[in-house]
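Each of the two complexes below includes chain A, the first together with chain B, the second together with chain C.
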Partner chain A sequence: MIRFLLKGLIRDRSRSLFPVLTVLAGVMLTVVLYCWIQGITEDMIKSSANFETGHVKIMSQAYAAESDQIPNDLAFVGASELLKELNARFPHMIWTPRIKFGGLLDIPDEQGETRAQGPVMGLGVDLFSSQSREHSLLNLNNSVVRGRLPERPGEIVISDDFAGRLKIELGETATLISSTMYGGMAAHNFIVVGTIRFGIVALDRGSMIADISDVQYALDMEDASGEILGFFNDSFYYPGRAVDLTAAFNNRFQKSDDAFSPIMQTLSDQGGLGELLDLMDTFSGIVITIFVVVMSIVLWNAGLIGSMRRYGEIGVRLAIGERKSHLYRSMIAESLMIGCFGSILGTIVGLAISYYLQVKGLDISSMLRNASMMISDVMRARVTPTSLIIGFVPGLIATFLGTAISGIGIYKRQTSHLMKELEV
Partner chain B sequence: MKRLMIPLMLMITTVGMAQVPSGEAILEKVDENQIARNRKIIYEMLIHGRRGSRTLKAQSWIEGADRSFTEYLEPPRESGTKMLKLQEQLWTYSPSTDRIIKISGHMLRQSVMGSDLSYEDMMEDRHLLRLYEAEVVGEETFMERPCWVLKLTAKETDVAYHSRDIWVDKERYLALKENRYAKSGKLLKTTEVKSVIKEGDRWVGERVVFKDELKSGDGTEFLIESVTYDIDIPEYIFSKAALRK
Partner chain C sequence: MENEFLIQTEDLVKIYPMGDHSLVALDHVNLTFKKGEFAGLVGPSGSGKTTLLNIVGSLDTPTEGSALVLGEKVEHLSHKKSAELRNKHIGFIFQTFNLLPVYTVYENVEFPLLLLHMSPADRQKLVMDALEWVGLADRAKSKPSQLSGGQSQRVAIARAIVKKPEIVLADEPTANLDAENSHHILQTMERLNRTLQTTFVFSTHDQKVIQYLRRKITLLDGKVDKDELIDTKRN
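Our next item is the complex of A and B:
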């Protein structure tokens, strides 16, 4: 039966070509859009986690309440002791302390007075210890544009754009003006040994990276850390495991009556990222639903046209005694074959385009000049195992629905009128 | 009888009006008490932050709104840090970096060393009468002193506080309490004088509590150790060379 139907479809191209092309186009668009959304979402999670939130983040409760203002005066004190305990209790995680800070970076002239100055967002990370994973988390080695990364105390790297804007050369002294943990004025000299570009506009506008011990010294934050970030070992974010970990940590360490006791938050808890990710999921679902509906309408229409063209054939088949239900089923089987074939072709084309967008990406830096989100300035699609099958959902459902709706007409044909209709 | 009533009422009104001086007249006397050609002040700031309290000690030379020089004396980490303000420009020197750094003008409204005072609050002596329209809105007793309550509204837009409510001691013409507001009406800062001293013929708030209402913490106590007015300040004090000395 299937072989018979298949032969019919192959030999009568007018029965299969247009529906296959329609399914192909719809499935291709679904696959590309799905991969595109996956790419953006993954990029956002990765950038946010590595630079901002971790998969989980530990702060003092007071710091967490105002974390968007980077209140280092509310930083957690006793970071080394807590890190030891975290490594012992949760060894399957990577733990790393960080200090974020804002300030002015001032470059002197020959007389030691201000030659150039600009606001800077700073990051103190563990650059020197042997077990540090910061180089890979922040992709530091690949981000160096000029010079090198800090290797000794007192050295910093700054954004390449910032260095260009302020005409800072490698080896120059830069003085950081900021606030100490106790609110006093902090001034500290660093040597600029390299420039970096992360490809994230919010960071490339004006940032500096120094070893955390230098930052602790400059900001009078002895054994203090604004944040301790935790990452799952395989660098993938698992929302469920993060929630369990957070509950276990907060149960053990959080004290409701001590604003400086630590609290852990998951990536989803921070900066509305959870809501954003839910929104992306919903958006992805909406896109696929719209394609199913639109393609069903198109295929319904194609089915109606086909039915009109095959009006005589259906009449003959009914007249020679084929049951209406059998006829209806055979047409649905035909449509599923078309859907399957179109979906395979559409998926292949969609994956090819998505892969191209994954490798090449789309440069949107000109649209992100004032962006503060942790998002890459080159947007890329992401081909995942799900993208292999996602196109079959709209491809098969739409062809099935389209034929099922248009095929209802078969049941409206009256056997008694067939001969008269066929005369015409 | 009617002939007698009218002059009597006029007399009562005139006497009543004479008892309430105009806002401008009060503000003029406040400026008279507060503003001198220059002053040198040695003071402590006890800053009550969320992490605890800390004390800073400094000495400042202030000449009007345009020239001021401050040197921090304590604690050791801040000792030797100096700040020079000339008009809208601010330079700072920190001994640990041996650098003179120019700070942009908008910093003048930022907190000084994490306290509740801004650079403008601390480094400027401005004539209130030149900046604000004044209106007497009531009389109250504050710290057991009878006070005029004045509502000040800025004449220009370029002022740190768009309006202020001030409680002025009726006898000493010292502002004992202030609420300072933004243009939106939001309360930005409050000050309260806790004790006063007399320096020459001027009354000065000896212990004043400043509270930045946009910050958490319990405010900053500003304690004057000594203050001298109309002294001879060497010209080099208001130069960048003084920062490295």
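Our next item is the complex of A and C:
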């Protein structure tokens, strides 16, 4: 009987080609949309984690309370000791200290007078030590536009757009004007040895990167660090593991009566990212649900049209003695075959498009000129193992529901009318 | 005595509700059909021919009375049982052939056997036998769209008799055929009736069919007006 059904399906394009194309289109859209949402979510997580939050972040409690103001006067001292302990206690994590700071970058002329000046967002990271992972975390090597990365103390790179606005050439001196950890004025000269572009508008607008030891020296932060970021070894964020790690750390180090004792926060705890991730999950769930519903309606209609077209055939089959339940089951089996085939094809096409979007991406930099979010200016899809099966949910459920609903007509059909109906 | 008749109706009544009144389609019909009969229900439109075929074919149930088909009371059969009765013991021939257009002649004839879960070898033998009977063995691989009206109806006959049913019910089988094809079809059915002893019951008002009948039952306003045996001496 299955062979009989398959023959009919293959030969009758209105029963096979049209429904397969409908399923294919729906599944393909679902896969692409899912991969797209995954790509954006992961990109946001990765960008935020690498540049801002880490998978976990350690700060002094006082610093954490005011962290949006980057209060380096509340940074904790003895960072190297804490780093040693972290590496010993949690060796499966990558730990790296950072100092964020703000200030003015002043470009002097030959007389030492200000030639150009602009607000700068600075980042002090470990660039020189052999065990540093910052080059890969911040993708520094691939971000260089001109020149090179700092190799010696006193060297910095600044964002390429910023360099263009300040009209600064490589090798020129730039003076950072900021405040020290103790509230005094800081002024320190650096040599600009390169320009970079991260592809994140908020960073590319005006940033500088220096080795953390230079920043500690410039801002009078000896052995101090604003933040220590922790990353899971494989660079993927695991919310559950991050929560466990945070609880373990805070139990050990956090002291309620000491505002300068360290506290660890997960990525989700910071800057409303947890809510954003939840929102993305909800959004992706809603999108998939809408697809299932819409596709069910489309395929229901396709099923109805198919059933109407096959009215005679169904009548003959009933008259010949096929049971209604058998006929209904055979239609469901047909629809599942269509659903499977359409879902496989739709998934292949969807994955191909998603992979293209993962590699090439979509440049949205023109839309992000004034954005302050840690979001890449090239939006990419992300193919994950779930992408392989996500399309089967609407593909199979919709075809099943569509046929199941339209097939109910078989049960309503009265055999006593068959003779008259089949005369047409 | 109980098994003498393949079909036996007792005071068969079928009433269709029509709004605030009702239409009596069959009015206390008492008929019996024996194995091997070649009988026809004749009469004007609305006389109850198709209604009677429906009930005998277990497609419908009577309002009153009883219809005993192959020992089964149609009015007491469940949907499953009535489908089984049609599947195993009754063949249908329709006015408009109703072949499945995407399947070949062979596959159309094979379909009732698939429902009976026969082995492929048995199916092949029965299908080819049925096609031989109707003279279309050489068109087994053709599609219905490649056949003439007469050939299509012969395929429909092959489909009806392939499972060797005891009863074949034919509703206006020649209505869409020209005279030559009608005679060809009727000769085929008569030959099958004589060879296989299959009981044929027609619903018709076509004179071409009537001249082949060995028993003519005239229905008028839902009642049996005449029930006559005919001595056929053609050709």
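Quick note on the criterion: the second predicted complex is superposed on the first by the 424 of 424 C-alpha atoms of A that agree within 3 Å, B and C clash if a C-alpha of one lies under 4 Å from a C-alpha of the other, contacts with A are read in each partner's own complex, and residues count from 1 in each chain.
Basically, contacts are C-beta pairs under 8 Å (C-beta built on N, C-alpha and C of every residue); 3 or more make two chains touch, one makes a residue touch a chain.
Since the structure is predicted, the reported quantities are computational estimates derived from the model, not experimental observations.
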Chain C versus chain B on the shared chain A, clash or fit after superposition: fit
Touched partner set for A:Y182, first chain B, second chain C, both or neither: first
Angle at the Cα centre of chain A, taken between the Cα centres of chain B and chain C once the superposition is applied, in steps of 10 degrees: 140
Partner chain in contact with A:K324 - chain B first, chain C second, else both or neither: second
Touched partner set for A:D12, first chain B, second chain C, both or neither: second
Touching partner for A:V316 - first (chain B), second (chain C), both, neither: second
Distance in angstrom between the closest Cα atoms of chain C and chain B, superposition on A: 80
Residues of chain A that lie at the interface with chain B and also at the interface with chain C: none
Residues of chain A that touch chain C when the two form their complex: 1, 4, 7-8, 11-12, 15, 312-313, 315-326, 415-416, 418-420, 422-424
Residue numbers on chain C that touch chain A, as the complex places them: 50, 53-54, 57, 59-61, 79-80, 82-88, 90, 92, 94-96, 98, 100, 102-103, 107, 110-112, 114-115, 159, 171-172
Interface residues, chain B side, partner chain A - complex: 47, 49-51, 54, 56, 77-78, 81, 92, 94, 96-104, 111, 113-115, 240
Chain B contact footprint on chain A (complex, rising order): 62, 73-74, 104, 106, 108, 112-114, 117, 175, 177, 179-185, 187-189, 220, 259-260
